[in-house]
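Alright, structures below, take your time with them.
Okay, so chain A shows up in both of these, paired with chain B first and chain C after.
Our next item is the complex of A and B:
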């Protein structure tokens, strides 16, 4: 029994009207939540959003005007804080490397179809969840309390978070990997590590590297922030110069310039390499 | 009406289409044949303005198409519908929505975002689907349909544009012979009943012969043949495909009947 065109039209219109009703209701709920949520947040704010809004540019203006007055010192300051910047980048690089390697192992152990011990997949997944869930700054503060200030606690804190975050992404990539090469290697009597090393890694390497480079960029920012809590590097210097208030704003400006330049530099560098990895080098 | 003059497309060193020139005075059904890589697709993409021409011009009813920009270019694209080999539908959306995409040039982004198509358009879309014999599929997702059905949805999207010209880029290359016939007959009917110009890239000779009033042959980016199907002799076909004496029409056929045709000169080894 086939329907007539008129029936099909009527049925489809009913479907469309139902969809529109649901869509409209969702939109209404969204707008209501946004509006009421904003009011609650504003009421709980210490200063008040609207009273503070026009002063939002005051601090940057102070920094800029003072930096401009003392612009002659700027090259010297850039040179002075350059070693601190290197320390920050080093923290990021080491933690990315360690985090990516442990993330790689954990991800393979947590992927369905690839795991060495399939029953332990939930365990490894939870481990990854925990590593991601605890903020870097909390781990760093704990470790600074135990180990004392310096770059090592920051490095460990960022590496833990990186392993959790990358492990999750790696595992999603590995889930889509083709299992035929793994079966082929298994049939020759290869052990699990050999199967992973030769059957899976070559397939997923471009994606993994691309995610790792992205993570490196994020970690530079993270390592600068951890400097604020005493983990060394450029963040520490930035906090000092900002906490002093007017008088050392030229130093703050120099550090901002260094940070901005570094992030732009590594962003460009990594996006270039990521493009090459995903699209292949141009002949 | 339609005039293509010395149309050329370069990709770096490579010339994909080389000074293609042809014109059509009245709406007709034109088949373009040639090997893969002969420049057929590039020619159609330039006519739709999906690709820009390197040189030369396309004129339609006195308007220079190659010079159009921005909104005017998009308006031309809505008058010049395109059908693709791989259908190019939005797989996760239902069939009627896919057909309604034919009206996007007349709709604002806001209306599109909230899926606000007028009821008259929705009814028209289902009528077009009915005309192509797939109205029952209206509420299904496009990806749930067979290849032949998906291509008919693509044709419905093209008809929804109410175009002057329909360009079809290898519309039957991914279909089995049965569905290929349904799709080609639908395109022919659109030309016969609506008087729209249909330009169709085909890689099989007999399809071009059977459904088109005029055949254009391309080889290495150049137009090497332009005439009626009856003028398309085996010799001319060998020229287009750059094939030797062993070339027979059955070799490129997708029709079921040709396989059983008694006059094909296949040598049976002794």
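Our next item is the complex of A and C:
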């Protein structure tokens, strides 16, 4: 009853062909989706892709040439916008701090085996999901309506999203935490917060810090963008100087430089520390 | 004994050091928060905050108001939901809480108050527990029977009188008398007043007699719902589609561009240090410029719209993906490549069968994660570059009046992000296998 080699080969080739067919079809569908998507986006855009392509360099060239003409003013402008930059960084830092702390508490409450009230785990998970799903701009715009422009709406908006995003990641890490220290602490009569603080946090701290640093990076970008819709900081200054148009391009250039420098600086800083943290955890 | 003593001394020193560090960390965080408290001017903010705006926002987001307007020149009446042309009652119809003949219209505000509109621009406002306020426009001045010190829900001057009741508001100016009546719910969500299907129950439309003689019920009902001028369901769905399209094109476009570049940045595949270093600097640069600046630069070239947003996401994420992909490529297992090479495979085949299968799961997981996160970014970028649901949302918020529309958009945005979250998780499960998922 054993199959001959030819049969095996034929079966194998049929299998391979079917796989290739499926793979090819998936690829075809994907290419079609991309092409139609591009055409739809192109049609609904104010200017077309192909007409605009050669103009990509125009705006940066205008900004750069004007900034170069007025290069003597540049240090002064950098100094002028530095306080706004500090505000943007502060928004990011405070919202990361508050978001990480609330994410920490929520994540522990939403983790199996660690939760204070195991029955409420689904509730806290849904809370985290919703906090994560609300885009920052929604909360920021609503708070701007109530509180007026400034850094606080952006800070609260980013903090809420950060708590949701970090809470989910924290909870995934905490699920793998060793429960023995918790049991040990429980036997000495430690209450829940002591069990968490002394039994769980030390195990997961390097991972948590690493995620928090990554979030800080993301939040600097978010806080600059929210400034553009009216929430203070360097983004707000950028919008104002953009509104002036030519003649004030040197200001726009100064802000671009500050923003770019800050993002790159904190990217490098956090990736260096994150590497150290994760390498330390492997040892 | 001395050994134990030294151990104890060491332990004590360690403990006190840890205590100091723990205390210092908390002190630094506290000091920073105090600094921010003053830098952000939280005290001033508490004074500037407009709590009445919060009340408006919350109450308007689930309610609507109907405007009843009488022109003081000619006495023409107008009934319109939210005072908008699209929500106007057709000629000859009026809400059922307006009763009486034309020369003595009675408007019931739903809280017991009744406004009676009399000829020659006289208005009677009967408020239970207070009495009747009489107001009239005489020689360009608004005269009332109110005393010198009216209650705080009344504002009266010769040019303008405003009276707030529990469920409504009456405003008299020289040109018109305007009555607002508040009610819960999102009015006209399915059909506007000029549609024959307005006010019909679902059963009547689905199984009842043909309502519009020219169209079958299912088609007319769909057309009137889809073309609802007040809620613009078709436009809103298009906008959501645009936002998802921006995220989709941006994410996958970035992945397609980044993959070949990542080979040039990985040590194993690009032996020339200069090329590696240049590629990496390019990645750092496009990432560092950030989607905000790319959006601004690209909007100048391509104009506002979804394509600009998609390209901004594409360019920024090319940098991010390039970095992640090249790290994944550095960690590729050499043995598989050797195995493929031992069969006589050429360079391209070695990559195709030795490298790609190893990194595909990592890549896909990252791409799908970014797809979800970019849906959120596309909402914000859309608000800046003018496309998608982000634009509708900011427009509705900036007009500061249609908060029920804002609430509708917010619900849709949250549903959209949750859907994309679920969808990318589902796709990841299909493509990589459930075992990759931890929960």
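Just so it is clear, the second predicted complex is superposed on the first by the 259 of 283 C-alpha atoms of A that agree within 3 Å, B and C clash if a C-alpha of one lies under 4 Å from a C-alpha of the other, contacts with A are read in each partner's own complex, and residues count from 1 in each chain.
Going forward, a residue touches a chain if its C-beta (ideal position, glycine included) is under 8 Å from a C-beta of that chain, and two chains touch if they have at least 3 such contacts.
Keep in mind that this is a model prediction, so the values were computed, not measured.
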Which of chain B and chain C A:264 touches, first, second, both or neither
second
Would you check which partner chain A:20 touches, where first means chain B only, second means chain C only, and both and neither mean what they say?
first
Looking at chain A, which partner touches more of its residues: chain C or chain B?
C
Is A:58 touching anything from chain B or chain C once the two structures are fitted on A? First, second, both or neither.
second
Regarding the shared-chain residue A:196, is it in contact with chain B (first), chain C (second), both, or neither?
neither
Please work out whether A:12 is in contact with chain B alone, chain C alone, both, or neither, and reply first, second, both or neither.
first
By the touch definition at the top of the document, which applies to A:89: first (chain B), second (chain C), both, or neither?
neither
Going by the contact rule set out at the top, does A:131 touch chain B (first), chain C (second), both, or neither?
neither
Would you please give the residues of chain A that touch chain B in one complex and also touch chain C in the other complex?
none
Chain C-facing residues of chain A, complex
30, 33-34, 37-38, 40-42, 44-49, 52-53, 55-56, 58-60, 87, 90, 93-94, 97, 129-130, 132-138, 141-142, 145-148, 150-152, 155, 172, 175, 221, 224-226, 228-229, 235, 238, 242, 256, 259-260, 263-264, 267
In the complex, chain B touches chain A at residues 96, 114-117, 119, 122-123, 126-127, 130, 135-136, 138-139
Could you pull out which chain A residues touch chain B in their complex?
2-3, 5, 8-9, 11-13, 15-16, 19-20, 23
Please name which positions on chain C make contact with chain A in the complex.
29, 32-33, 36, 39-42, 45, 48-51, 53-54, 57, 242, 245-246, 248-249, 252-253, 284, 287-293, 296-298, 300-308, 310, 376, 379-380, 383-384, 386-387, 390, 393-394, 397, 400, 406, 410, 413-414, 417-418, 421, 438-439
